[in-house]
Each structure stands twice: as C-alpha cells, then as structure tokens.
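What follows is a short report on a single structure.
We just call them A, B, C and D in the order they show up, numbering each chain from 1.
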Amino acid sequence: MPPTLLSLHNVYKTFGGLLAVQDIGFEVIRDTVVGVIGPNGAGKTTVFNLITGSIKPDSGKVIFLKKPITGLKPHSIVNKGIARTFQTIRLFSKLTVLENVLSGCHTRMEAGLVASILRLPSQRREERKFIDRAMDELEFVGLESKWQHPADSLAYGDQRRLEIARALASDPQLLILDEPAGGMNEQETIKLGDLIRKIKKRKITVMLIEHDMSFVMDVCDKVVVMEGGLKIAEGSPMEIQKNQRVIEAYLGVDDENGY
Amino acid sequence: MSDCPTRKWPSLVGTGAAAAAFLAIPLFFKAIGLRSGPYWLDLLNTVGLYTILALSLNVILGHAGMFHMGHAAFFAVGAYTTAILNLNHGWTILATMPAAFLAAGLLAAILAGPIIHLRGDYLLIVTIGIVEITRIALSNNIFGLTGGPNGLVGIARPSLFGFRLSKPQHFFYFIWFMVGVTYVMFYFLENSRFGRALKYIKEDTVAAESMGVNTTAYKLIAFVLGAAWAGVAGAIYASRMRTISPDSFTFEESVLLFTIVILGGSGNQKGVMLGSFMVIGLPEIFRGFQDKRLLVFGAALVLMMIFRPQGLFPPTPARVKLSDAWSNKLVEPATNSESDDG
Amino acid sequence: MKKLIVFFFLVAAVGLMSLCPTGASAQPSVKIGIMGPMTGDWASEGQDMVKVIELLAAEVNEAGGINGAKVELEIGDDQGKPNTASLAAQKLITAGVVAVVGTYGSSVTEASQDIYDEAGVIQIGTGSTSVRLTEKGLKLFFRTCPRDDEQGRVLAANVKKLGFNKVAIVHDNTSYSKGLADEARAIFKADGVTEVFYDAITAGDQDYSATLTKIKAAAPDAIVFTGYYPEAALLLRQKHDMDWKVAMIGGDATNNSDLLVIAGQEAAAGYYFISPPALKQMTSAAAAKFSELYQSKYQSQPSSVWAVLAGDAFSVIVEAIKAVGPDSEKMAQWLKTDLKQFEGLSGPIAFNENGDRVGEVYRLYVVDSAGQFVIQ
Amino acid sequence: MLEFLEQLTNGLARGGIYALIALGYTMVYGVMKLINFAHGELFALGAYLGYCLLVSSNLIGGLGPVLAIGLTIILVMGLVALAGHLLEKVAYRPLRHSDRLAAVVSALGASIFLQNAIMLTWGAQYRAYGANLLPNLLITVGGLKIPLIRIVVLFSALVVMLGLRMFIHRTRLGLAIRAAAIDQKAAKLMGVDVRQVITVVFILGPALGGLAGLMVGLYYGQITFNLGQLYGLKAFTAAIIGGIGNITGAMVGGMLLGLIETLGAAYISVGWKDAFTFLVLIMILIVRPTGILPERVVEKL
C-alpha cells in the first residue's frame, strides 16, 4: 500500500487564453483529509475538475494509485475509485433518494443489457445486494427513513448529505467534496464535520474545497492554498495559519469567506 | 410504502384480468355477431403496432431523454429488410424478424456514433434528416432493391407452425403478443441498472457521467436497441400490409410516434400505451368529423398539453422492494406519516 | 388517472355504438362505398370524388333508386396513405357496402385490394393507373381509368409523331409518375428517340429553375414531364421566365385548368399533353348536362378527370346491381361479359377479363395562345 | 460558367426565402428555446391571405399594382403577426413553465390544427396567384438572363434581414430581446420585461413569415395548404445550420441551404437533392455541434 494515493505534477489549464491553473503539483496521502482553500477564482474547482476528468489538462500529469489518469473520461475515473460532489447540488432531483444512491452503485454493478431485459437470476441477486448496500450508505448519512422521497423534497443539508452518500456508494478510495458546507447553518456544519471524520475512519481519503476556515482547520490534516491559479502554500493547518503569503492573500479579499 | 408487497398482488391480479378481458375481445365480437368486428380488430392491430413502435421510441426519448424524431427510418429499414429477404430470398417472415432487428440496429449504430453527443434540438433535426434521407433513398430505389416509389409487393403473411396468419383476429393475437413481449422486456429494462442509467442521463448527463455512467455508451446502446426493436415492428408491419412503399415511412409518421410518447407521459410505459390508443384510435373514432377530424386532433393535442403537460401518466417513482431485513428495520421505529405515500 | 381511463372507455363506447347498426330503416337500401383521400395531401381529389358521386346518387334516388332500393353512400378516408388504407377498407366492409369506388393513388389501392377481395366486395379504382393492379388475377377488381402502359404508349407515339428526337424525361418520383416515365422511356429506347436527361423532381418544391437550367445545358427538343399539373405549370412558367422556348409534353395528370392560371397563358401556350377528356371537354350530352349541374351546385368544375371517372365507376356499379342484384360474384361476371358500350360521362365503358377498361380514351391536346385546351 | 452563375442566382433567391422564414424560427427559439413548429403554417397563412387580397378581392384592379402590393404587404404582415400573437397566447404561454417537450407537442398540435384550418377555409386544391399579376421582365447581364422578380425577392429578403439586424442590435427593445435570449432569468432581474419581449418576438417572427409567404405566392404563383410543412422543415434546417438563436446565422443558413439545394440538384442529382441537403446538415453539425454561428451558451459544470 503506497502512502501516496494521488499526486498532481506540473498541471496547466487555460480557458480561452486565460491561465486557470498553472504548474500545480501536490500529493494526497492515504487516509488523510486534505483541504484546498483560496479566494474565489483561485482555480480550486478547476483542479477538482481536472482530477475527476470533467476537463482535461493542457499539460501535466495526474497520478492515482501509481497510474496516470490524465485525460480519462469521468466515468472511468469513478470506476478507478475517485468520487465527487458538486459545488452547486447536482442530484437527480426528480428521482427518489434511493435511486440517487443507486447511481453511485452503478460502477460497481455488472448486469448488462441482456441480463436486465431478461431479468436473469444473477441480475436479481445483484439488485438485491446493491439495494441493501445503498440503504447502508443512506443509514451512514442518516437518511435511511427518507429512501423513497423525491430528492428535491429534502432539506438543503439533507441534499448535501445525500450527495455524499451517493458518492460513497461508488466505493471510492478518494472522495472529493466541493464546498460541502456551503449554505449550511452552524448546526449542519458541525454534523458535516462528524460525518467527514466518520468517512475517514472508513479508510477513505477526502479532499475538500471550503471557505469556512474554522471548519477546514478543524477537519483537515493538510491544507493546500491557491491563488490566481497557483499553489502558494501547502502544509498542516497550523503551518498555513502562520504562513505570511496566505495571510496576505486572504487580507486582499474578505477574511471571513470568499464571497 | 411498507405495505408495498401486499398491494402488489391485487394489482397483479387486476392487470392479469384486464389483459385476459382484452384478449377475449375477438371472441366477444364474434359472440355478439358484431359486423364491424374486423374493422375494430384491425384498428386495435394498428394501435398495437404503434404501441410496439412507441414503446421502442420510449426507450430513447422517454427513458434516455434523447430528442429523436426519426424513428420511422428504422421502422422502414425493418420493413424493407423483411420484404427483400422474403421476396428475393424466400425467407419466412419469422426468420426475417431477427434480420430486421439486426439491420435496423446496425444502421442505428452507424448513424448514431457521430451524432449521439448533439444537444436536444440539434439531435431532433438530425434525426428528422435521417428519416428524410431514408425515405428519399427508398424512393430512388437504392441498391436496386427497394422498388422505388412503387415499393415492394406480395410479401408473405407470417406462418406459425404451419398456421398462416391472414385474418384480423389472427394478427390481433400475434401483434398483441408482441406488445406484451415488448412491454415486459422494456419494463424489466426500466427497473434495472441499465434503465436507471438512462434515467440519470435524462435528468443530468454531467452528474450521471460523474457517478460513473458511461453516458456516451449508454445513449448509443439505448438508441440502437430502440431502433432495432422498431425494425422488428417493421417486419410485422410488412407482413401485415403485404405491400410497403416509401410513403408509409415519412417524417409525419415519426412525428406521430413522438407525439404518442410525450402525450402518454414520456418514460411511463402505461402512459405510452394509452397514448397510442388516443393518437391512433381517437381520430378513427372521430371519423364522424370527416375532413375536420385532423383539425380536432390538432386542437386536442394543444389542450391536452396545456392541461396535462406531464402527459397522461407522468413517470412514477421506481418500484423498489427492500430486503426483508431493511423493511423490518424501517417498520419498527416507523412513524405513520411516512408510509402512506408512493 | 382513474378518471382518464373512464373517460377513454366512454369515448370508445360512444364510438362503438355509433358504428353499430341502429335499428332497421323503413326502406330497403343499397350501400356503396367511396374510398378516397378526404384529408391529407390529395384531399382535393377525394373531396371532388364525393361531390360527383353525391350528385349522381341523388339522381338515382330521385328516379326511384335501384330496383326500389335507395342508394346510401359510405365514405372511407384513406388520407392518401397506404397505412390508413386497410382501416378505411375495413370500415367500409363492416358498414356492409356491396361495392367500393376508389381510390385515387395506386399504392393506396394496392394496400386495400386484398382486403376487399377477401371480403367479397367489388372495387373499382378511379385514379390508380399502376399496371400491376389488374395483373394479379383478382376477380372483383376493376378500374375506369386507363393503365400507365397504355398511356406510356400513347405518350411515346405522340412524341415521335411531333418530331422530337432528343428528349429530357422528368418525373416526380411518385408511383404514377415514375411508372409512366419508365414506360415511355423504354419505348423511346426502342424507337431511337435519344434521352438526354432523366431525373426526378420533388413535388411541392416550387423552384425548378435549377433543374431547368441543367436540362437546358443538355439541349433537348422537348421536355417530357410525367408528373402532376402544379409542377408542370411551374416548369412552364419558370422555363418562360428563363426565356427558353422548348417544347414540353405531359401526361394526363396535367389536364387541369389551373395549369393555365399558375403558368400564365403566355408560358402555357404550345404545351402538349395527352389525357382522357376532362368533364368540360367531354362530348356526350350526358357529360354536358352533368357539367352544368355540377357548376350550379358547387360553382366550380371538378378539378381533374379522376373524379369524373369515379362518377362513372359509381354508375356502372348501379347498372350492375340493377341487372343482377347486389351479389358481387354475379356483378363482376356481368361487368366483364354483359356491359358493352355503357354511356358513361367519359365515353363508352366496357371491361376486359382483367377488369381493365377497354377502348381508346387518350387524346392529344395542345394549349393554344388563347389558353384553350385544343384536341389535336 | 454561365450555367453556374445562373444556378447561383437560382440558389440565392431560394435561399432568401428560406432565410426569411428561418428568422421566425430563430427569434422564437432564441428567446423561448422552443421550436415553433407552427411557424411554417403561419408562413402558409401569409401566402393565403395574400391570395385573398390580391386575387379574390382583386386589389390590383382597384388600386393599381404598386399601391395594391404595398397595402397587401402591410395587411398580410399585420394579420399574420396577429395570428402569431394569438398562437403564442393560446398554445405556448400556458406552457412556459412546463417541460420543454410538452411545448414541442403543443407546437405540433397547433401546426396540425392550422394546416387543416387553412385546408378547410381555402380548400384542398392548389390556389393560383396567376402569372400575370406582376410584369415579367428579364434582366440581361453579359449573356446572363435573370428574371427581375428573382432579384426583387433576393433584395427584399436582404433588406428585411438587415433591418431586423439593425433593430436587434441598435434599439433598446432589440437589446432586451438579446438579453432575454442569453438568460431569461437574469434579464428579468435586470428589469427586462420578458413577457413583452416574447410578445414582440411572436409578432416580428410571424410577420416576416407572412411576408415570405406572400413572396412565395408572387414568385411562384401557386400555393397549397401544406406549403407550410414543405418550407417549414427546410427553413428550420436553415436556422439550425446557421446556428439557431442567431439572427445572422439564420441569414447565412438560409442562403447556404438555397445554394446547397440548387447546386446539389444541378451538379449531383435532382432526385437526391433533399437527401443531400440533410447530409450536409448532419455533416455541419458533426463538425460544429451548434451550427455555423452558434448562440452563446455557457455550459456550466
């Protein structure tokens, strides 16, 4: 088991001539929680999109489990063990809570077209197994009693947690959360922190973008700071809080949160 | 929903009874000596054929959410495959059906590759283009096989174990058997990993891809499957009509199918069936309006969409049965307020 | 949801009841069906068929009906589409018709032939000129219109007679038009008439200047157009607009007075076509009288000859029932052997063993500079 | 060469008409993201209203050609605009917040309704404007003979389109239309009266369609009730080729389609020309999935 789960090397990405990300490189160590912070427009979400395959880097490498995953389609990256949530909630809003979680199971299931049309015994067995599995994930985030509600009927915080359950259902080794506490109240944020620690206990590595500094300092083992597409600092929360460049960068903008 | 298992049985019995009653219609017509019986059966056969087509389109349009308005092209390929194999090579109709399936599916696979990524309305016009190109190709006697504007004549009727289907009541059982097969097949599909993947794609393609669904492949397979099944419907059509010509596979035919799926409730198979009855059956029943019936039909479409924009039967949440362990676990602390929806 | 199902069954029930016999009427009647395109692209043809036959039926009924039985008309709309033909046919059959007049398009007739034959109903095609319809050995099928091969022969003969040696053949890819074009084409080949162009235009396109410009480069003596009058008129007009004076000759589907209005007298002058005579051009006294009657009732003339041929089909059915009663086998036999030189609106009518009309019906017309269709 | 130039003028005149109709599709689509399938029927209505005024009521006889045609243009555009407005109110407004597919089917229903309404009003047979309505003049340029009306059609189409472009890009209302086309919600927040924009779009588009109908009647001299279906599909294709939602795109697409059709017929095959048209459409969309000049849509991740 290598200690390094994911690493980025000299990654560049431009959008219409604008450098969104330049020369980014860092490592994610297994079973840790890594936070990526920085003011708006620093390129944090772009980094996440580069890792998950939603966009392709112009140059540079993304290595996951010692193998390059640069340029792979998002669905194969999920299959390799990286799952994500979105900055703005992107649930399948008209489908039920359980169906949403089952979407995460998709990549671990095998039933093909023919097995599905004929409803072969193997397909039925698999369905039963993964429905149980999905319910387990719902229980993990505390939504099991709402399994048949339409996703858009849930409260905001519940929707965030459903997104996490959905990502967990794909059996990831790395879970990427894009502003998981965004729009949550204090109570919900505390519960989210507990949830992330629970995830870490399951031996799942977590990467997250967050603007809530106290939350980041609380849950993260390591923090990467970005500004203007560049990585400006990297280290433990303690180190980052003392880092002069980080303080400057954050004083330039609003201290509390990016927006 | 904890009462789901108990509720399922009566509904199954009800469905069975309804199906049996439906299948007894020809006997009933005969019993009361209804002179117009063959007409009504023929109408039901037409409805049945369109149901098969619409259910196959439903996989593409209703489940996967791809705006496909060229379904008649694949219907045509199936019909012509059957006709050509039967007339030129003496194949029996039943033997041509798998060939029709493959031919339509193959064409769909070739065509869909480069266009499958197109967004909604762009896909719509491209599929219209496909149906137009197909019709023009058939009219121009492509490969010297399609008989040009005259089409092909003298296609055999299907034989089952030496029994030749010729009367409307024979076709009634044949066609509605195929409707049943189609319905069950696509019902199983809808409630499986594959069907759910299509639902995710329809809801949000980007999120589906990010959850590990190979969206391009699934769209492609759904398209090919729906098209291939339309080919089977084409085989049935050719053997029922015994003569086919390009005018039977126009853009308007595709529009009709599109309308059936949306009107019925895109994605809901029961709705699609009811849609076929409404779109194909009602204009026949309204024959009293004579030349005004299409006027009435057009107005009815507008009204129907205004009052039921989701279609007659909007898609229902998936029926999922939990394992006993989970059902028991949820029932124990269950608050009653949560068990009465669904 | 339940309400919808109930609603649907109610509608279905009402529909069913409307088709069930609603008690016996006091007077005996004979039902004759009209199958034609009442809606769809060819709606005007179907609607004219009904107009003509309704007038004729009213006359028959006023004169006391057929052997005392009133004539009742049943209308089946085939929309000009083969798919709907079988439904229209089943509807007419179940309404209990003895015989059916129609329909217009050959492919539509084809889709209904077997159904009528199996049900033992006489069918008389009125605009379906495709050769093979009467080559299948169906005993109960007839037609009052001539066949494509007959027309092709006459067309080719006239092209040769008029001295055209290089022709451009244009059709519109409909069953009728392509059939006629191919028929004539084969004869041209045998007769040594050179073909410098052969292609299909799309009906309804309206703009044929590209095609004409292309044909012009091939420099034919004459354009042979086998399609319908709207396209013929546009070809004439656009040819005139180009200031290109080349002869053009067409088939019977261009025998329509609107040709003049669309093309304009100047552009249409000198256009040849072959056709059975239209109602107004028919020479019989009956035709003249009927033309007047039609004019006074509808303030117009039937826009094509096919509706008149439908009227003739109706009349021979009436004659057959008068002679042998409403029995399809006997009627068919009677029509083939005993009907001789019946005076229809379109001239004398008799059928051969195949059910095809016998006798020369085509004439060569030319449009003169005053805009009259003149028989050559 | 002469033949090629002649074919070019054929194609451009045809393209002008496609472009005029395509503008209606593209404007409505731009703002409402709705394919107005009934637009073709509004175009046919324009052709029939022109027939009504010029032929049935013989305006030319009463007023002389220039005045009569001027008056007819105004009346036809006005009446078709009114019909378009009513159509929007009845068939589309109630569906503005529903699923897009519901609106598509409603549009198809409206199209069937209007086509049959036209058939029942004016009859199923062809109607002829007549060839003698306008003087038939030929213009000769170095051996090339071009009918005057072809040039008139092309130029009036161009003038109308340039006028529309000016309106969209130079006026406040035009700005509002562009804003609503980019993002209805945002436009609303910025104080744009989206409802008014939709009303304007559903007046302008049909008016242009009606004008195109009148031009087709005058140019070809013959109309039929399913005219809208035939031209509608082509014009819609033109709008898509150009990039639907884009005014200039509709012009480019229309002209291009006219040329493709004409040159395809001239140099490849007359019988296959429509297939060729659609083939080009598909190839263009494969290379540029949103047409030649796409509307600006920022796909959010």
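Assume a residue touches a chain if its C-beta (ideal position, glycine included) is under 8 Å from a C-beta of that chain, and two chains touch if they have at least 3 such contacts.
Given the structure is predicted, the values throughout are model-derived calculations rather than measurements.
Within the chain touch network, how many edges lie on the shortest path between chain B and chain C?
Shortest path length, in steps: 1.
Measuring from CA centroids, which chain ends up nearest the centre of the complete protein set?
Nearest to the common C-alpha centre lies chain B.
Using C-alpha centroids, which chain lies at the maximum separation from chain D?
A
Using the average of all C-alpha atoms in each chain as its centre, how far is it in Å between chain A and chain C?
Chain centres of chain A and chain C, defined by C-alpha means, are spaced 72 Å apart.
Quick one: report the Å distance separating chain B from chain D, using the average Cα coordinate of each chain.
About 34 Å separates the centre of chain B from that of chain D.
What's the distance between the Cα centroids of chain A and chain B, rounded to whole Å?
Chain A and chain B have C-alpha centres separated by 40 Å.
Using mean CA coordinates as chain centres, what's the gap between chain A and chain D in Å?
Result: the chain centres lie 49 Å from each other.
Out of chain C, which residues touch more than one other chain, so two or more?
Only 39, 43, 47, 173, 200 qualify.
If a residue has to touch 2 or more other chains to count, which residues of chain D qualify?
Within chain D, residues 116, 119, 271, 274, 301 contact more than one other chain.
Can you list every residue of chain B that touches 2 or more other chains, as numbers and ranges?
Touching at least two other chains: 139-140, 206, 291, 294.
Taking the touch rule as given, give the residues of chain B at its contact with chain D in the complex, in rising order.
It is residues 67, 114-115, 117-122, 124-126, 128-130, 132-133, 136-137, 139-140, 206, 251, 255, 258-259, 262-263, 266, 291-292, 294-295, 297-302, 304-306, 309-311 of chain B that touch chain D.
Which bits of chain B are touching chain C when the two form their complex?
Per the stated touch rule, the residues are 34-40, 42-43, 46, 139-140, 148-151, 153, 166, 168, 241-245, 247-248, 253, 274, 277-278, 281-282, 284-285, 287-288, 290-291, 293-294, 312-313.
In the complex, go through chain C and note every residue touching chain D.
Spelled out, the residues of chain C in touch with chain D are 39, 41-44, 47, 173, 199-202, 204-207, 209-211, 213-214, 216-217, 229-230, 233-234, 237, 240-243, 258, 261-267, 303.
For chain A, which residues count as touching chain B in their complex?
Touch list, chain A to chain B: 52, 54, 73-76, 78-79, 83-84, 86, 90-96, 98-99, 102-104, 106-107, 109, 111-113, 115-119, 123, 126-128, 131-132, 135, 144-148, 150, 166-167, 170.
For the complex, give me every residue of chain C touching chain B.
Answer in residue numbers: 1, 4-5, 8, 11-12, 14-16, 18-21, 38-39, 43, 47, 75, 77, 81-83, 86-87, 90-91, 93-96, 106-107, 110-111, 114, 118-119, 130, 132, 173-175, 177-179, 200.
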